[in-house]
Amino acid sequence: MQNKLAQVFKKSVEIRVFETMIASLADEGKVPGLVHLCNGAETLQSAVCLALNSTTDSVTGSHRSHGLALAMGADPYKVASEILGKADGLSAGMGGTQHLLAPEVGFLSSNGIVGGQVPMASGAALSAKVLKTGGIGVTFFGDGAANQGAVLETMNLAVALQLPMLFVLENNGFGQSTSAEFASGGVSLLKRAEGFGLQTYALDGADAKDCIEKVETVVTSIKAGEGPVFIEASVPRLAGHYHGETAAYLSDCGGQTDPLKILNDHIGDISEGIWRETEALMVDVMKRASAAPVPSQDLLRKFHTEMGGQA
Amino acid sequence: MQNKLAQVFKKSVEIRVFETMIASLADEGKVPGLVHLCNGAETLQSAVCLALNSTTDSVTGSHRSHGLALAMGADPYKVASEILGKADGLSAGMGGTQHLLAPEVGFLSSNGIVGGQVPMASGAALSAKVLKTGGIGVTFFGDGAANQGAVLETMNLAVALQLPMLFVLENNGFGQSTSAEFASGGVSLLKRAEGFGLQTYALDGADAKDCIEKVETVVTSIKAGEGPVFIEASVPRLAGHYHGETAAYLSDCGGQTDPLKILNDHIGDISEGIWRETEALMVDVMKRASAAPVPSQDLLRKFHTEMGGQA
Amino acid sequence: MMLSISEALNKAHHQLMEADERVIVMGEDIVGGAGLGKGEGLGGVFGVTSGLVDKFGANRVIDTPISETAFVGMGIGSAMTGLKPIVEVMFCDFMGVCFDQIFNQAAKVRLLSGGRISVPMVIRTTLGAGDSSGAMHSQALHGLLATAPGLKVACPSNPADAAGLLKTALEDDDPVILMEHKGLYSLEGEVADDLPPVPFGEGQVIREGCDITIVAVSRMVHVANQVADVLAQGGGEVEIIDPRTIMPLDMNLILKSVQKTGKLVVVDESFGFAEMVISRVSEEGFGYLKAAPKKVIPLHTPIPYAPGLEQEWLPSEAQIVTAVKELVGE
Amino acid sequence: MMLSISEALNKAHHQLMEADERVIVMGEDIVGGAGLGKGEGLGGVFGVTSGLVDKFGANRVIDTPISETAFVGMGIGSAMTGLKPIVEVMFCDFMGVCFDQIFNQAAKVRLLSGGRISVPMVIRTTLGAGDSSGAMHSQALHGLLATAPGLKVACPSNPADAAGLLKTALEDDDPVILMEHKGLYSLEGEVADDLPPVPFGEGQVIREGCDITIVAVSRMVHVANQVADVLAQGGGEVEIIDPRTIMPLDMNLILKSVQKTGKLVVVDESFGFAEMVISRVSEEGFGYLKAAPKKVIPLHTPIPYAPGLEQEWLPSEAQIVTAVKELVGE
């Protein structure tokens, strides 16, 4: 377990440092799009992805997926380059911050449409089932997304077809500026998932040890054919909806405990070295990504022609 | 109560006779579209609508809504004319069997898209709330529709905004040829609604007395501002998905008890007279509707111009 | 061999599933009777998928809940991870409820992945008015769908093309919408036993003529053909072009025809396709046009139910005759 | 008075809600901070609805869950039962998730009720590329929406039109989509204090000229205008027509202009609108055209993220100059 905790810590630090540096680059005007940072959810994401197999399992994520891509093992240089709109990006700068695709490490895609990624993960689950790969489909989405038809329909579909699928609801208390309590006015979201016949687990995203253990159990059970599972994990949203947001409601995000700080304290001595190493590494990553060439327009024109565009 | 039962019986007979005669007309090739008969659901629909106020309450229904329109008090001649595509139809033959609109008696509309009618009823509920009319929004939909995003989203919306709204799920066991158990693979649909935070009631559509009583309680509670309610009512589907269907799966629809027969037996002596009267009335209705003129094309061309069509 | 469109499509499904284990089929009632524990069901509301489950099993032939967003999205995800799904959306009118998955998700994966992956999925659906199915079961949305970059759209008018386009669609790396006309399923035609693939972007000259070019797809090809028969009796020579796929569109064939005839009528029951053809011919073949191009399309309203109204709404032979005569100057 | 587009729209909201109690406003984060128990929130992600809740209360200014299908449908139902809803769909790209309610439900009520009732609802949404928002936050869907009979579509290019079209939209009995360009919200312009309504189907001559007609809406009006400024230095006289509403479309104004100039370029960042204009001018004004009409529209791909790619994708001044010069023959 201590080893696993260290792994989760290391990955979480990687994500936090990555996001912090992206934020700085954004402040310098070097990031073309608006970025949605995942600060607060790193330990959860790292713990879940630790239990996954990047060859057979497939993950889809929301607009807030920088960390998730990294947690699955995507190359930080490629992710940063994509966010900066560079030729070396995962998708040569075509997708950008909300559209990260790293299928080579099991990160199928992230999405600009709230909830849009969830049905796709059921497709990955179906592939695993039909092709008998032993893999599962996993999807991450927010408390706000939990009210989208795409998400709700997929909960039922996964149960009806008994798909090997894991739903991970990251409840950070907000959908943009709207509180989760207001938007999902009923009982708990866990109860809702239960109502669809899903097996459910509640996780505290700040309890890394518990996250690691429960997720392991869950993934094992799904792989054993015991049906789809729904996890609701509470995580803080330590930043604005997007980086740079200044709206009044934000004061309510302050003062939340930082799961990474808790894990850091738990990890003890080795932590400082990991931070230092990671920072050095990421400084280099960001430097290279910043210096990387912008994409050439040939690929776009090629798509134009292939998609039936006028000569 | 006995009086109310008689009212429900009378309306149910009206609906059954209406549908039977539409079926005959269809067999004679006189109905332009495919009709979805509601045989088996009449007593439920009549009982629910008995508790509604056709001036302040608004109901929306599915593709299978001939009976619901009648239950709210729509003129059978106009409904029949609409189904036959005649100028005297509710909408001058523009809508047809799946698109009955009789807002003058609180039947807001029926729908060709499974689940499409459900959000609209939340709008009627919102109007009632904002304009303080004392009314409620009511929507009927099927077990198959219960898996559509539109329906699921609206369940949450109604709870979040505390709308004066009643959901009536008619569970007839089938969505087209697919069994409800298969399509909604989880726990019960009632449990699902509970998961959204709705107050729930289960009704047996064959128990007219219980339906009348429970719906009265429910409508009173909604009007008192106690929040939206979800009713799941079991009804048999005594016919094919559409009239004339001959598929193999249909053998499973056979042998179901007919709620109207039960009510008929309960009503006793007066029943025969009601059947006879109603039949005479409907023979006349159908005769007139069959003889009614077809719509002129002027209205359509007027729409064309007003909607921005080319001169 | 003579087959109807639904038979040809059914046969193509059998061949495709036989040839490649990765091919799966899913949709509402495509098995039929799911959950009732019986054998053979409906085989789809138009019978196109009948017999598949018996041969290929419920693992590959999948009935779904009425959750178009979820199962179209499932198709996308499965196509991104190794399967080749054929997804049925019963009527194209229902695409409204899953439009995001079609036009934002499926259509964009290729670009968003920088070309590394795509969505080799086929969505089969129906279109077409004429049987009083009303405003939500009768639309033709190929014009609308063709405005979404990243989608390919095929609209067969005969059995050989239906089967052949399905085959090409499944081979194609990108999402393809195959639009089958409800009113043509029983139309019979000669079909080669191996159901040869029909290339995308290659239209067909349905009938040669030098007086005027009519461009049409799906059922309107047949309506145009009837008009051409009538006009032929008066010596009029109508050339009919069926592009078969509207995205990509065989502009070469259309332009060659207009170069010869100098006159263009586009007949269509959707909104947007006729405009697309006319604007491209006006741009790319302006010099060929000897008169103003014309379109014969429905009234700009939703589709009315009553048979007389619906016929008034649909492009009619009479309207086509008028358009042709005005142009040819008879 | 000088106001930005967002200020003019905000002011129009205040006037409309003041004047008619039936007017309600709903959408995601349009109040902002819902459920946090605080006063003033965001006022919408672009600030258009700011201050409304303080003045008109949470009963009429309603934050919703992220459930576009449900709340657009709620808008429809409320419009059918006595309210006049203004519903915000944050980005037009999100219309995919609620497309059924827009194109099957809202658009069809008038026909389906035989004209007895309709849906006096306004959907406000944003469009437009140019700020690296990526493929799902940058689209312009007016071309697509205009293919759905029963919808009206307005695309203002300046503050007075934005406010005036909103007013007319709310008066209109039919559902109207008001499409606001993200990149124009801070654009300022002269606005009369009472924000006079702008009639639908009446375009505006932005600039007179006799060499060539450019038709454009929304931000492209300004891009075209810059091109016209440049060309004016060489003596070129460009006429720019802004139809303001694209459904209904002011064909009279466009045809009158083309009659004068004989040349047509349509500049647009959606798919379908340029085709619509060109095909109608080719049909209805063939005799006026002295050369092939042209369109300057985006590449046929989803919208790429990297700034350079996105600029390449968008219609550019250089492309417009080229198109104009080819036509005017310089």
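By letter and in written order, the chains are A, B, C and D; residue numbering begins at 1 in each of them.
The rule is short, and it goes like this: a contact is a pair of C-beta atoms (placed from the backbone, for glycine too) under 8 Å apart; a residue touches a chain by one contact, two chains touch by 3 or more.
Values in this document were obtained by computation on a predicted structure and should not be read as measured data.
Number of steps on the shortest path from chain A to chain D, with steps defined by chain touch: 1. Our note on geometry: chain B versus chain C, Cα centroid distance of 34 Å, whole angstroms.
Mean C-alpha positions place chain B and chain D at a centre distance of 38 Å. Chain A and chain B have CA centres that are 44 Å apart.
The set of chain C residues touching two or more other chains comprises 64-65, 67, 69-70, 93-94, 96-97, 100-101, 104, 108, 111-112, 135-136, 149-150, 280, 299-301, 304. Across the assembly, chain A contributes 89, 92-95, 99, 111-113, 116, 147-150, 153, 156-157, 160-161, 182-184, 303, 307-310 as residues in contact with two or more other chains.
The touch graph of these protein chains is complete, with an edge between every pair of chains. Those residues of chain C whose C-beta lies close enough to touch chain A in the complex are 22, 24, 59-60, 62, 64-65, 67, 69-83, 85, 97, 100-101, 104-105, 108-117, 149-150, 152, 174, 201, 247-249, 280. Note for the complex: chain C touches chain B at residues 28-29, 32-36, 38, 40-42, 45, 63-67, 69-70, 93-94, 96-97, 131-137, 299-301, 304-309, 312-313. Residues of chain B that touch chain C in their complex: 32-34, 85-86, 89, 92-99, 111-116, 144-145, 147-150, 175-184, 247-249, 252, 294-295, 297, 300-301, 303-304, 307-310.
Interface of chain B with chain A (complex): residues 147-150, 152-153, 156-157, 159-162, 182-187, 191-198. On chain B, the positions that touch chain D within their shared complex are 58, 60, 89-95, 99, 101, 103, 108-109, 111-113, 116, 118-131, 133, 137, 149-150, 153-154, 156-157, 160-161, 299, 302-303, 307-310.
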